[in-house]
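Heads up, the next two complexes both have chain A, just with different partners, chain B and then chain C.
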Partner chain A sequence: MSWNRRKLAERFGPYILSLVILGVFILVWESLTRPPKFDPTGKSEDDLTVLEFNGDIVRNEATGKYVYNPKKVLGIPGPGKVWEKAAEELGEAFVKKGANDHGIGLLVYYTIKRFLAGFLVGSVVAVFLGVLIGLSKPLFIALNPFIQVLKPISPLAWMPLLLYSVKDPVWTAIFVVFMASLWPTVANTAFGVNSIRKDYLHVATLLEMTYLRRLFLVILPAAAPAIIAGLRISFGSALVAVVPAEMLLGELGAGYLTWIEWNNLNISGVIFAILVVGVVGYILDYGFGKLASKFTYAEV
Partner chain B sequence: MHNNALNDPFDASQSLVDAPHNHGPSTAGSSRVAEVKREFETRQAPDFVGMEHFHTQSEHGQDCECPAHASQTASETESWTPESMLERAVENAVMRAIFPNDLHRRAFMKFVGKGAAASVIGSLFPLGTAKSMAADPVKGIEKKDLTVGFIPITCATPIIMAEPMGFYNKHGLNAKVRKAAGWAIVRDWAINKEVDAAHMLSPMPLAITLGAGSPAVPFFMPAVENINGQAITLANKHKGVKGPQDMKGFRFCVPFTYSMHNYLLRYYLAEGGLHPDKDVQIRVVPPPEMVANLKADNVDGYLAPDPFNQRAVYENVGFIFKLTKEIWDGHPCCAFAISKEFTETNPNTFKALFRSILDATHYASDPKNRKEIAKAISPTNYLNQPTIVLEQVLTGRFADGLGKIQNVPDRIDFDPFPWHSMAVWILSQMKRWRHVEGEFDYKQVAEQVYLAAECDSLIKELGYKPRGTTYAKHTIMGRVFDPERVEEYVNSFPISNL
Partner chain C sequence: MSFLSIDHLTKTFPLLDENARRGDTFVVFRNVNFEIRRGEFLTMIGHSGCGKSTLLNIIAGFDRPSEGGVILEGTEVTKPGLDRMVVFQSFALMPWLTAFDNVRLAVRQAHRDWSKERIREWTQKYINMMNLHGAEKKHPTFLSGGMRQRVGLARAFAVEPKVLLLDEPFAQIDALTRLGIQEELVRMWGETRNTVFMVTHDVDEAILLSDRIALMTNGPDAELAEIVEVSIPRPRTRSTLIDSPDYIRIRNHILHFLVRGAKKAHHTGGVEVTSEQTGASSEPAISLEVAQTQT
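Let's turn to the complex of A and B:
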């Protein structure tokens, strides 16, 4: 019995703790943002009229008393408001109400599309470059200074230059993601390829493999764990880059939603957009992790 | 006076437009080429430039209101299928204009019958003329699907409302408005052809053409959108401030360097004895962030477009210190801008677009329509603001944040006419604060960028009241600006960067 309970606690305890943390967080949030009750004492009839005109208070038809306008949010909105906003947005997730008002589902789709395009192209280029410099010591030494200078540049710093030269915000956003997903993969691939056991290469030489066969059958599989690790780092940094890129470029997407809601000072919308970005990132990362585990193996 | 080098799609002497007389059905159609030619010859003089062009156009426009012309138009547009629908629409519009109150209108219709009502109204109001004016579609539109960039502020009202209220459709265009997050973005969209036309600040096309703060690309400003409609908003802690004398050391925000906001704020401060670059700080900040900055106590105030002045009041963080109307009554603010290249490659599209904007602006200028407009532009797709804020801005009955409800019907107004003299004033201020370097001919730049003459002839064509001149004297804080004496004006300021 007691053994059973312990097992149950081990199995579900962390999840229950998760829920408790969420519950406490929401309670604290709610208590900090709860609007005060309106107190009309000391306010003249004129003051009340102005307040009502400005939308601060509304008259309760039944009692004839003024209360704070529940529709007007001042300061940080409570969880209820954000939930309302989320329900409203999710209710019409795939509705297009005009050129500037696409549903949240569509916005997320645009972001994922943009992200994947930049990430895939960036990864292919990065792996290629990584193998190249990983296999050749002179090339590595020759290219290393450039990589070291380019690597620390924030992908967003490329944006103005890209926008100016590409003259297209969609491609600029994709390029920003591309730049973000390049360097970690290049570095890790080069490292992985460089540290392949020399035995493998000797065997490949013995078998008189062609260069391509050697690349695909020996080098890439042997370096796969390092490459995957690099791709995961790239994945994270590309995901971090895509949201601000959309914000700055004004391209429809999840990042754009954050910005445009901020432009309207709709804080419930901003919080909702942040949550969406978080959830989308989590789902993408989870999917990528599953995929990556298929290509990883333990060295024997 | 008129810059002839510029490719003017309204200039009769140029072949880009498919017919020289840009009026109604006579604009196009091979069936009327002979007639068009005749008309063309009768008024075309070899030395036909500048203001003459402008006058000729406007005089000619008068013919078009004569009954003969109207009937001719009617017979010609018979083949146009939505004609009957349009006729009804015009009648309805006139009825609504005469009886704004629904009940009165219905009572009248019920009393006399619908047909009789139309004929009675027709005898009082030249319905035929109204119909013919409305029914002249621009033919040969090169590009129907357009994108127009805008910034979500009330200044852009005509450009925005033209989509939901059908002004673009009315002129045969399928235009969508695209929201930009800031002025630099809308500028880059326009320069990179991401959008076909754009909402800009009225100094921006001048700056872009001169290459100030961006690569030099020739831009036109066919029309102003709004006049007035801005304000100086101060943080609540400055309720005691009386004027510039109390503002030393303040930190202000303006939406863009090349903006009327910047020039009006600088003018206002300088008139009060403060040097805007030495005694205060002026920062360029996107309007929504101004409200947040005011809240965070980072800035003391700003001169910004609405709804962000009213929004500060709505958020209880600031008060409206001075409407820009009190600085310069009737000053231009935002504008409709388009690249020279677009007007050259798509002259007919441009004309239809220009007309849509003028129509929408005219509609917006009627205070009676403002509540309806506030509703039309408040959704997420457009301004995404509480309707209560937009209504206060557009109707001019607003809470000022000092505990009063003010009533200033022309707090914001809409007048499309891009006075050349206004452009010259803006240039004079750019010069004064050294926002542009080097020498240039004020009037030449003004006339190259602001299409005042063309605007006037289209205004006439659409049946609104034309101005007949493109230069006027303006009074700004009691000081008269004479566009004929710019140099003297620029050098007359005790406070300047020259």
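Let's turn to the complex of A and C:
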């Protein structure tokens, strides 16, 4: 196969465009956040001494002129500052410096563990409930009002009650993720099971399948695309819930890092933490997508 | 005792139009009574709405008759089972399973005590018989209509049911592919000698495949008009069929019945057609062995 210019452009064009967008973004970010030049005009010698004493400005030994203290960040930090912070954090990713100061790698690990525990348990319960409701019309009608009321409640709204009843922030955080991953899967599974093509059920009856074989060999596979779609929505909402849950509960994790850096007034750290949350979410979603594609099929 | 007896079946449905009162019903077909012999291929032809698919569903056990019953080897049919496999018009293959696994699922259900290896061999045998070799690992979505119905037929034959029920099996397959798959069905039936009950619109298909053809009058309130004996020797292929004088006579007879039945239905409401009026007696040019079933 010969690679002419057109083929190359089709193949790599989008990636080059991505890089260009990233470059433009960083340039704009940098230009908007350049540290201002210190202007001493109109300031008395006493003012300057106070500023220097407070650490806001430092005297350049070579020129004898004052400049803003480069160690004290004013406004939003630029990409360079965030990069420095990131390099520092990633350098000690798995170091435990203190009870509340764990490396970023460990924090991400805690978050993923917490998230997966809540999501997996939530999904199993949700699929079970969804199949039950989807198979039985009376049960669907009976439970629907409850689901409709419970569904719009933000998972974080449960937190005070959960914290009060389980009395343990570790479990509360997992429960919040659990609640967040419940309802979309329940609703989608019930819908999927309910709208299975009658043909498949006819074949199951024809083949004299027992109830369990019918469930595992026909109903669940047939409803799999709808169940996966529900899990996907749940996945997103659980991922959104885990960060504020960590913040509010003070549980060590990627979301908690955002808050602790804010408490330290380390804005570079806040931006770094936000980026970490984004990357973690992307990796989890990518993994989920890979897994999900194994269970879906193309409709005839 | 006959092998499969369709014993005075009547099917009514509740009437659902706006003027209907509660409890009003309409009759789909009335008093349908015939027998299918062991190893026989019997086809039912009729216009849409005569209830022939409903009748097939009753034999399969998916539907219950309002009156009468279906008796298979002395036992009344009440629910679907492996002894009466259905080949569906819509194929009804599991899209998440490969062609091979679709057939294997049925074999496994029919022979729960067999070893994995034996189930696999048995499945492969029927896959090969239906000329599906090479398509085993494909999912139904990636197969043509003809190939999909081959899988459907392999699944049904592999179970070796007492009765095979074909519900307009080739209606969704294009005309050229249909010719090939029909001849394969003839060959397959010749090898296995299953008892088959088929429902179709296609007169040529019925003559090619059947020992006898049951003709239904128009619905609603349809009745079995007559059963035509197809006196063309086997093995049959489409090319030998075309040259057979019997073929043309039988074909004309059935087409006359269908066309005239439609006319009568249009003028009288579709309940007056009887076997006497539509039988061979009114058509002296045709001499057929006609089994009068309405005694």
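Brief remarks follow.
Assume the second predicted complex is superposed on the first by the 297 of 300 C-alpha atoms of A that agree within 3 Å, B and C clash if a C-alpha of one lies under 4 Å from a C-alpha of the other, contacts with A are read in each partner's own complex, and residues count from 1 in each chain.
Keep in mind that, in the parts below, a residue touches a chain if its C-beta (ideal position, glycine included) is under 8 Å from a C-beta of that chain, and two chains touch if they have at least 3 such contacts.
None of the values given here were measured: they were computed from a predicted structure.
Annotation: superposed three-chain arrangement on chain A; chain B versus chain C shows no clash, the two fitting side by side. In the superposition on chain A, no contact is made by A:L257 with either chain B or chain C. Of the two partner chains placed around the shared chain by superposition, chain B is the only one that A:T49 touches, whereas chain C remains out of contact.
Annotation for chain A, partner touching more residues between chain B and chain C: B.
Applying the stated contact rule after C-alpha superposition, one finds that A:N100 touches chain B and leaves chain C untouched. Contacts of A:V108 after superposition on the shared chain: neither chain B nor chain C is touched.
Judged by the touch definition given at the top, the superposed model places A:P169 against chain B, while chain C stays out of reach. By the document's definition of touching, of the two partners only chain C reaches A:P221; chain B does not.
In the overlay built on the shared chain, the residue A:I57 is in contact with neither chain B nor chain C.
Look at A:V177: by the touch rule set out above, it reaches neither chain B nor chain C.
No C-alpha atom of chain B lies closer than 49 Å to any C-alpha atom of chain C in the overlay. Those residues of chain A that touch chain B in the shared complex are 46-47, 49-50, 53-56, 72, 74, 97-101, 163, 167-169, 247-250, 259-260, 262-266.
Those residues of chain B that touch chain A in the shared complex are 147, 152, 163, 176-181, 185, 188-189, 192-194, 286, 288, 291-292, 311, 313-316, 379-386, 388-389, 399, 403-405.
Considering their complex, residues 60, 62, 79-82, 84-86, 88, 90-97, 105-106, 109-110, 139-142, 148 of chain C touch chain A.
Chain contact summary for the complex, chain A toward chain C: residues 197, 199-200, 202-203, 205-209, 213, 217-218, 221-222, 224, 297-300.
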